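There are two complexes below, and they share chain A, which is joined by chain B in the first and by chain C in the second.
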Partner chain A sequence: MNLKRIKAITRKEFIQIIRDPRSLGMAIAFPMLLLTLFGYALSLDVDNVPLVIWNQDKSQVSQDYILNFKASPYFKIVGYSDNYKELQSYVDKNKAFMILVIPPDFSSLINSKQSAPVQLLVDGSDSNTATIAIGYVTAVTAGYNRKLAIDSLSHLGVRDITPVDMRTRIWFNQDLKSRNFIIPGLIAIIMMVIAALLTSLTVAREWERGTMEQLISTPIKPRELILGKFIPYFVIGFVDVLIAILMGEFIFQVPLRGSVVLLFILSSLFLTGTLTMGMLISIVAKKQLLASQMAMVTTFLPAFLLSGFVYSIANMPTIIQAITYIVPARYFITILKGIYLKGVGLEILVIPVLFLSVFAFVVVNLATMAFKKKVT
Partner chain B sequence: MFERIRQIIIKEFIQILRDPRMRTLLFLPPIIQMIIFGYAASTDVKNIQMAVYDLDNTPESRDLVREFTYSDYFHVKHYIYTDRAAEEMIDKSDVNTVIRFNLGFGNDLNANRQAQAQLIIDGSDSNTAAVISAYANQIMERYSSRLLDKRVQVLLNRSIRFPKIDLRTRAWFNENLLSRDFFIPGVIALIVTVVTLLLTSMAIVKEKEIGTIEQLIVSPINSWELILGKLLPFALIGLFDILLVTVVGVFWFDVPIRGNLLLLFGSAILYLLTTLGIGLFISTIANTQQEAMMTAFFFIFPAILLSGFVFPIYNMPKLIQYITYVNPIRYFLVIIRGIFLKGVGIEILWPQMMALFALGIVIFTLSTLRFRKRLG
Partner chain C sequence: MNTKNDITKAVEVSELEKKFGSFVAVDRISFQVNKGEIFGFLGPNGAGKSTTIRMLCGILLPTYGTGHVSGYDIIKEQKLIKQNIGYMSQRFSLYEDLTVEENINFYSGIYSVPADKKKERKEYIIRMAGLENLRTSRTGILSTGWKQRLALGCAIIHEPGILFLDEPTAGVDPIARQMFWKLIKDMAKRGVTIFVTTHYMDEAENCDRLALIYNGDIIATGTPNQLKTEFMKEDVLSISIPQPEEWIERLNKLNTIRETALFGTMLHAIVDNEKSATGSIKELFARDKAFDYEVRRIQPSLEDVFVSLIKSYNKKG
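Let's look at the complex of A and B:
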């Protein structure tokens, strides 16, 4: 390793980056823009579920029951109808997500202290929203049933005798705001993509333009060339991380409960792995078109789908779980969620950190080896 | 004219398929991605790992725990006895639910007082937490109403009937609420978007970069013929990829196709019109392949996240909802999910198809005009 040669390559690379202000601006502005856009736009909170009601009863009792849905922030009653065809078209056209059907004998059954069947028809095509929305309807109905029970008991002179009071407490995220876990996840995905994109074209470009031959003929060694190319992109990546973390803190107010220093150190580790991965791709591909396709195939979709960002890894089949071990975003998301929401330290994060280090080490060596082979 | 277009098409096919790695990259990754992501993209919450923190340890508390394990959703992984253990397990994501009983739970129940229990849920994934909480509510509901009946029997020495609503839920289109049925059609749209958009944008820029575009310009071909000839091969590749991944989705994952296959391919062609158009547009603004890739990415990333693929559009702020109206993926997802799951036809889907068609025409006209200007 010769520091002077590394410095020379780094300088050349910096100059090339600065000479192309459009790409540089993109590399900095792109992550900011994405984070702003997604931070505001994306939410998995299930509220304002559009609901249509088919009330065949039309009595005070059924109105009482419906009132509970009106009062709940989770539902938005978009219409009433007496026509099955019309109700169906509400769902087919995605105007309503659920249909609540109250039978004609509803009030007479309730008044005579019997059980009244109410039908809930749900658009199951989005199963996740469906599951949560059904949970809300169940909760509203259970609350209503409890009121009915207390009422009829108090007629008999018995006070509330609800047997168990189960208090649910949600840790780290009291109000179940999905933003709190989406933002850390987004930072990981955006960085994964940016890092790989930044570097994946740099070597391929030199091959295509023929400048690689000139570099090879100089006394520079593969390791030095890779390091020299790595440093400027690392600086850009680090600036991106810094901006993202500041935005999470000040714009989106995601609680940062753990150590900021640890967050930066581990982000650097992640950047090292992903930036070199981009370089490895460009060394192997040699062509920009191919490199870009490979970068896309290996970064964006896996980081999005296999990292535990929205789809929990524990639910995947074992083989797919095994594949997720080579997705670096997986570890970074665990680390980010841990530091952000849970406020944990290195002692809890040992395993993801270890895996991330191994990943970085392997990729750096692979890149060097691949390069040596291409050169000779 | 047709002869000239034919020549361009032949040249384009040769160029794409000449590189054996490109050949595999076009067809193999879509299949592999489909299989991996098909398994991964699931928001089903099952096998919830639970720790039991039972300081009471009476038949009553064990009875309630059994109620949870019988549900098939909850799985008891650990028995713990300290707060620290509970914290550590949740910090490490070893379990995501802790059920806690203080001393006296059984006594309270037996004395017909209200007994208290606590359920702690890891909220760092708010979506899973919401589903867990919904399941727990259902279980508690059943358990409480059984206990209440028993209590009334003891207190009043006779059983009374409570009026109550018996909620019967039916999920349309997806009886068992399998999230896979929801996501697989989405994954098809995703893969095709990435492949076609990147390919077109980069292929044209490549000619600019290596200077062969000048050769094409001096030939008697006009810009319409050139565009048609360049894009048709990609359209065919895109259609073939759609066919490929649809086959995997239907035969490997057993996702039902309830609607008309011809309609699916008809809409796929409309959709490709937009992705190819956008690819063409990008190629007119980018000068290098790196720029083209960054720009393509700049479009794809937000387009996927703001399409309703995972994050429901009705949850987004109003302003962003308006932005999604120009997002072709949004419409294609409604169409493809409608055809797969709901089995609806053109009478329901025509607004989406019209939107795709209109978007396609606009973007094509725009980019052709730009393309011509740059040539002239």
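Let's look at the complex of A and C:
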């Protein structure tokens, strides 16, 4: 390793990056844009479920029942109707997600201590949201049932008893805000894509413009070239991480409970692997267009689908689960969630850190080997 | 100079071969280049010139044969070769988004030019290329001639003993070409060995020695003069006559003439025998009532020699 040569490459790359303000702007603005878009648009919370009610009973009792829905933050009553056609059009036009039908004998059945059926019609086209929303209705109805039971028991002189009293305490994400786990995951996925894209052009450009032909006639060694090119992109990648963390802190108010220093150190480890992976692609592809497309496909899809960000890895078929072990974003998500939400230290994160280190080591050596092979 | 002192040959190659799959780009060639000479590698596009130069520069490994550059083995000592040669590829490989000075600084760093020499070398190159007023200009805006001289400068920043130039004048205007060759000759005078490939025949005249390469094979080597006098079996006649273009067809019909071509305002005829051809030409002119003419034998140009050599090579099959 000759420091002079590494310095010459690094300096040249820095100048080239600065002289190309469009790509520099992209490198900084693109992650901000993605984080903003996904951060606001991607919410897995189900609340304000639009509900329309057909109350055929119109008594004090049924009003009492409806009041429970009105009071819940999970529902928004968008209308009442007595017309089946009109109710149907609410759902067809996506104005309502569910229809609650209260039959005419509702109050008389309740008053005569009999079981009163109500009907819930649900738009099942989004099955996930439907399942969650049905759960909410069940919970509201169960609460109402309990109230009625207690009322009638107290008439008989029985005191309020609850056989099993479950008391839930939620750890790490007390408000169960999906944003709190989405943002750390998003940072991992965006950094994966950006890092690979950043470096995917750098070697291919030199092949295309013919400057590589000149470079390989000089005494420069593959490791020196790769390291020299790595440094400036690492700086940009680090700035991107910094911006993402600041956005998480100030725009999305995601609590950062762990060590910021550890967060930056492990982000650097992740960047080392992914930046070099972009360079490996660039060396192999030799063409800028092909390289950037390869970088996009090999990072975005696995990071999004196989990292455990959207779909739980435990629910995947065994073969797919095995593949997730080579997706670096998987480990970075574990690390980010751990540091952000649980505030854990390095001792807990040993395994993902180990995997990321192995990934970086393998990719650096692959890139060096690929370059040596292309040259002779 | 950065060459081993105990060697007399700057380049020595024996049975050098490069195959790409089943295609033979360079077919077991052998030649030597003396220290301090301008050695021209002359041949049409695709003859194997660049492949040979790339093997000598340690960019490409040969599939057979041996070779030494500055005394270093081209297979085992590529790294040492790279530190001791300068190489200028066909496309002037400069970073167009960097300025003139930044390009020089870059190669200065890549070749680890010592700090105390850096400035001196930079100034020398800027002066040599005539870029005093364009130090901070982007390389992309320079004319081809300037780019060529800057690329040359970047290739010699570390004062190599041997300079390899691959088609250095392709696409450059005649005046810039002249300036370039003057620089090359100056360097050779100071003891730098120059290995240059070209397909311009007029440029080949600038070389001390030439090798003609065709189909991956060296078909002749020697000084330009040797090639013109020793290798050409046919004679070349120069014919001056008014409206020369009108005579080409009629001259080609004579069986003493192999080929006639327009050469400026004259005609050049390649013939097997000077005497019989001159006789038949004079007969033709007398028959067609042309009197204001002159026919004389001239020394063949390198192009004539090359064409003739290729034809006899192809006949051999």
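To be clear about the criterion, the second predicted complex is superposed on the first by the 367 of 376 C-alpha atoms of A that agree within 3 Å, B and C clash if a C-alpha of one lies under 4 Å from a C-alpha of the other, contacts with A are read in each partner's own complex, and residues count from 1 in each chain.
To be clear about the criterion, a contact is a pair of C-beta atoms (placed from the backbone, for glycine too) under 8 Å apart; a residue touches a chain by one contact, two chains touch by 3 or more.
Keep in mind the model is a prediction, meaning the values are calculated, not measured.
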Fit or clash between chain C and chain B when superposed on chain A: fit
First, second, both or neither for A:56, with chain B first and chain C second: neither
First, second, both or neither for A:214, with chain B first and chain C second: second
If touched residues of chain A are counted for chain B and for chain C, the larger one: B
Partner chain(s) touched by A:5 [first = chain B, second = chain C, both, neither]: second
First (chain B), second (chain C), both or neither touched by A:15: second
First (chain B), second (chain C), both or neither touched by A:46: first
Nearest Cα pair across chain B and chain C, whole Å: 13
Residue ranges of chain C in contact with chain A within the complex: 57-61, 79, 82-83, 85, 87-91, 93-98, 102, 105-112, 154
Chain B to chain A touching residues, read off their complex: 19, 21-22, 25, 29, 33, 36-37, 39-47, 49, 64, 88, 90-93, 109, 112, 114-131, 133-138, 140-141, 143-145, 147-148, 151-152, 155-156, 160-175, 177-179, 181-182, 190-191, 194, 198-199, 202-203, 206, 209, 289-291, 293-294, 297-298, 300-302, 304-306, 310-312, 314-317, 320, 334, 337-338, 341-342, 344, 348
Chain B contact footprint on chain A (complex, rising order): 22-23, 26, 30, 34, 37-38, 40-48, 50, 65, 89, 91-94, 109-132, 134-139, 141-142, 144-145, 148-149, 152-153, 156, 158, 160-174, 176-178, 180-181, 193, 197, 201, 205, 208, 285, 287-290, 292-297, 300-301, 304-306, 310-312, 314-317, 319-320, 323-324, 334, 337-338, 341-342, 344, 348
Residue numbers on chain A that touch chain C, as the complex places them: 2, 4-5, 7-9, 11-12, 15-16, 19-20, 209-211, 213-220, 375-376
